[in-house]
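What follows is a pair of complexes built around chain A, which joins chain B in one and chain C in the other.
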Partner chain A sequence: MNKDEYQKLVKKLEPKEPKLRKALVAFLVGGLVSFIGEVIATILVTTFGMEKTIAYIWLCVLTIFIASLLTALRFFDNWVSKCGCGLIIPTTGFAHSMTSSALDVKNDGLITGLGSSFFKLAGSVLLYGVISGFFFGVLGVIFYG
Partner chain B sequence: MSFFNAFLVGGLFCLVGEIILDNTKLTPGHVTSIFTVLGAFLSFIGIYPKLISYGGAGATMMISNFGNLLYQGSYMGFHEEGLLGLIGGVLSKCGVAIVSAVIFAFIFALFFKPKD
Partner chain C sequence: MASKKVNNVYISNYFSIAGPMEKRGTIKDYDLVMDDYYYNEKTFEQAEIKMQKTVIDNILLRSKILNSDIDYLISSDLSNQISTSSYAASYYNIPFLGLYSACAAFTEELIVASILAENKRKTNILCVTSSHNLHAEKQFRFPIEYGAPKPHTTTFTATGAISTLITRNPSNIKIEGFTIGKVVDMGIKDAKNMGAVMAPAAAKVIMDHLVDFERNIDYYDLILTGDLGEVGSKILKEYLKEAYNVKMKNHLDAGSELYLPNEETYAGASGPVALPLYLLNKVVKQKKYHKILIVGTGSLHNTLFVNQKMSIPAISHAVSLEVI
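And then the complex of A and B:
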């Protein structure tokens, strides 16, 4: 069997992922997360008299807390693999990646494990976020004054 | 009505992410990084604040809001403190999210057992 034939065989035998179904699940889960978030933000505004912008920041902290806790309790890995981007794109995905990498390297020690590999997964978001935030900030000052 | 808008905006973000994830060889790490940069870009051209006023939590709960906050912090920092604000302000608005994620991840990692 030559290389081309082998590649064809691999392609044929690869399990076909139901892309449409996964996309729909991501849409519904992501929408549901946002819907619940909006409900919580509205409750914060009406009961505590917060401003909407402050309520969204509290909502962000709350989301991160819940996602970290659920990751530590080992529910979240399963959910992420089922819901895909429905849970990865919201802030839950950021908290999940941080907590799971922290848990993974915990046994290697506080400095050599936890300290050095804490941002293993979430680091790329921070790096490219800070870089793009800064450079677009410079561009913004140049263009808009 | 704002609840429906949040559902729609948040769902669409995740839908786009899932389509990218399924049809390319990119990993979730790539997709979240792309969305963060995209958020900063959308904020730069003035679309993201409009998305937030339309979709509320649907836009503020997404990872792209990180990019938005990082850009807004940097841009507004320049107007408050000048050149130093442009640098230091990057993290001024997003700091809450990053620091809370670090704190919770650290505490839970200390108190919970890893897999196996």
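And then the complex of A and C:
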């Protein structure tokens, strides 16, 4: 049996992942996270009299704090493995990726461990976020002046 | 020659420790169980070193022998540069061999120990195998608390350590022969499907063994593979049928058997410790199987090479045991 035939055999015997169910769960959980975010933002605007832009900054900080706290309390990984991108795509996922990396290396030294591994997963998000931000900025200037 | 018959070498004692997940699994009588993954240490890495020390200390006590009575210490684990084994060995003044063949380690240790033992009239060789789920997760996969979603082909590294004492004094487990396997790479690049990576290596060593010893696959009461998992076991059976026209009926996979089905362990357990844990704590104690071929299966996986889009090579060694 050559490599191609073997890979076909493996494909045939691999269990199928329930992609549709996973996508639906991610969609609903992601939607729920955004809904809760909107509720908090509205409360910040109406009750605390904040400006909308300021309220969204506070919301962002709050989401990061809650996600990091839940990661540190060792709940969040179980939720992420069940909800997938529903929790990874929002800011919760970004905060979680940094906190989980930090927890992994907490005993490996402040510089050699924590400092160098903090952005192990989030580094890609930051880099490509900044790059795409730049290009969309350029496009924005070209089309909208 | 890759295969060899062994005369009068026995596994005369063993001592095992298992983690909290394994405690809830199918085996109920481990010698010791850990309540948590830290085992009263500061890090998971140090916990695994302590696990190895525990199984060494306890087998010496149980066998009523001293450090100085051991001729060789042969250890293996999954950590980079097999550091866990080296650190554990540094506490004992015993000539040390550190081996790496990923999850095929236990069979490789038995092979090396058999070769060393055969040349001596009297010998005590200590073999130690360990793996730690969270140590392995951190090294090979994502940060522990990240909880990245995994497909159903993934296996779950078992936590445990086991020490075995190889001597020339007759016991109920005799090492009858072995076959040293070849590295097989069938082009699988998916590090989340180790079963598919290892199955061809297992098939190759099983067939080499049967040809060299002029045996039929039904000669063995049981062929016990290490950690192919449920998916890998299916692939192995199908592959043996298609590539070698051999139908394997008497097969069990230690990885698939270690945990209860309701645990979230995907395709089953993996890690070098899965095979000896299941073999010595379950199969041997059942006294149901007498001629057993154990086939350790190791995925020689390195995250660096996987990132460079290289396929994953695998190794598998077979050891034939006679259990009374």
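In the analysis below, the second predicted complex is superposed on the first by the 132 of 145 C-alpha atoms of A that agree within 3 Å, B and C clash if a C-alpha of one lies under 4 Å from a C-alpha of the other, contacts with A are read in each partner's own complex, and residues count from 1 in each chain.
By definition in this document, contacts are C-beta pairs under 8 Å (C-beta built on N, C-alpha and C of every residue); 3 or more make two chains touch, one makes a residue touch a chain.
No experiment lies behind these values; they were computed from the predicted model shown.
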(message) I'd like to know which partner A:N107 touches here: chain B for first, chain C for second, both or neither.
(response) both
(request) Scan A:L69 for contacts with chain B and chain C and give back first, second, both or neither. (result) first
(request) Counting touched residues of chain A, say whether chain B or chain C comes out ahead. (result) B
(request) Once the structures are superposed on A, label A:G37 by its partner contacts, choosing first (chain B), second (chain C), both or neither. (result) first
(request) Considering only the touch criterion stated at the top, classify A:T99 as touching first (chain B), second (chain C), both, or neither. (result) both
(request) For A:V130, decide between first (touching chain B), second (touching chain C), both and neither. (result) first
(request) Go through the superposed model and pick first if A:G84 touches only chain B, second if only chain C, both, or neither. (result) both
(request) With the two complexes superposed on chain A, say which partner A:A23 touches: chain B (first), chain C (second), both, or neither. (result) first
(message) Quick check on the superposed pair: does A:G140 touch chain B, chain C, both, or neither? Answer first, second, both or neither.
(response) first
(request) Could you say whether A:L59 touches chain B, chain C, both of them, or neither, answering first, second, both or neither? (result) first
(message) Does any part of chain A touch chain B in one structure and chain C in the other, and if so which residues?
(response) 17, 22, 71, 74, 84, 97, 99, 103-104, 107, 121
(request) Could you pull out which chain A residues touch chain C in their complex? (result) 1, 3-4, 6-7, 9-10, 13-15, 17, 22, 71, 74, 76-82, 84, 96-97, 99-101, 103-104, 107, 120-121
(message) Residue numbers of chain C touching chain A in their complex, please.
(response) 42-43, 138, 142-153, 186-188, 193, 196, 200, 231, 234-235, 238-239, 242-243
(request) Sort out for me which residues of chain B touch chain A in the complex. (result) 2-3, 6-15, 17-19, 21-23, 28-33, 35-37, 40-41, 43-44, 52, 55-58, 60-67, 69-71, 73-75, 77-78, 86-87, 89-91, 94, 96-98, 100-102, 104-106, 108-112, 114-115
(request) Please give the residue numbers of chain A that touch chain B in the complex, ascending. (result) 17, 19, 22-23, 25-35, 37-42, 52, 56-57, 59-61, 63-65, 68-69, 71-74, 84-86, 88-91, 93-95, 97-99, 102-104, 106-107, 114, 118, 121-122, 124-126, 128-130, 132-134, 136-141, 144
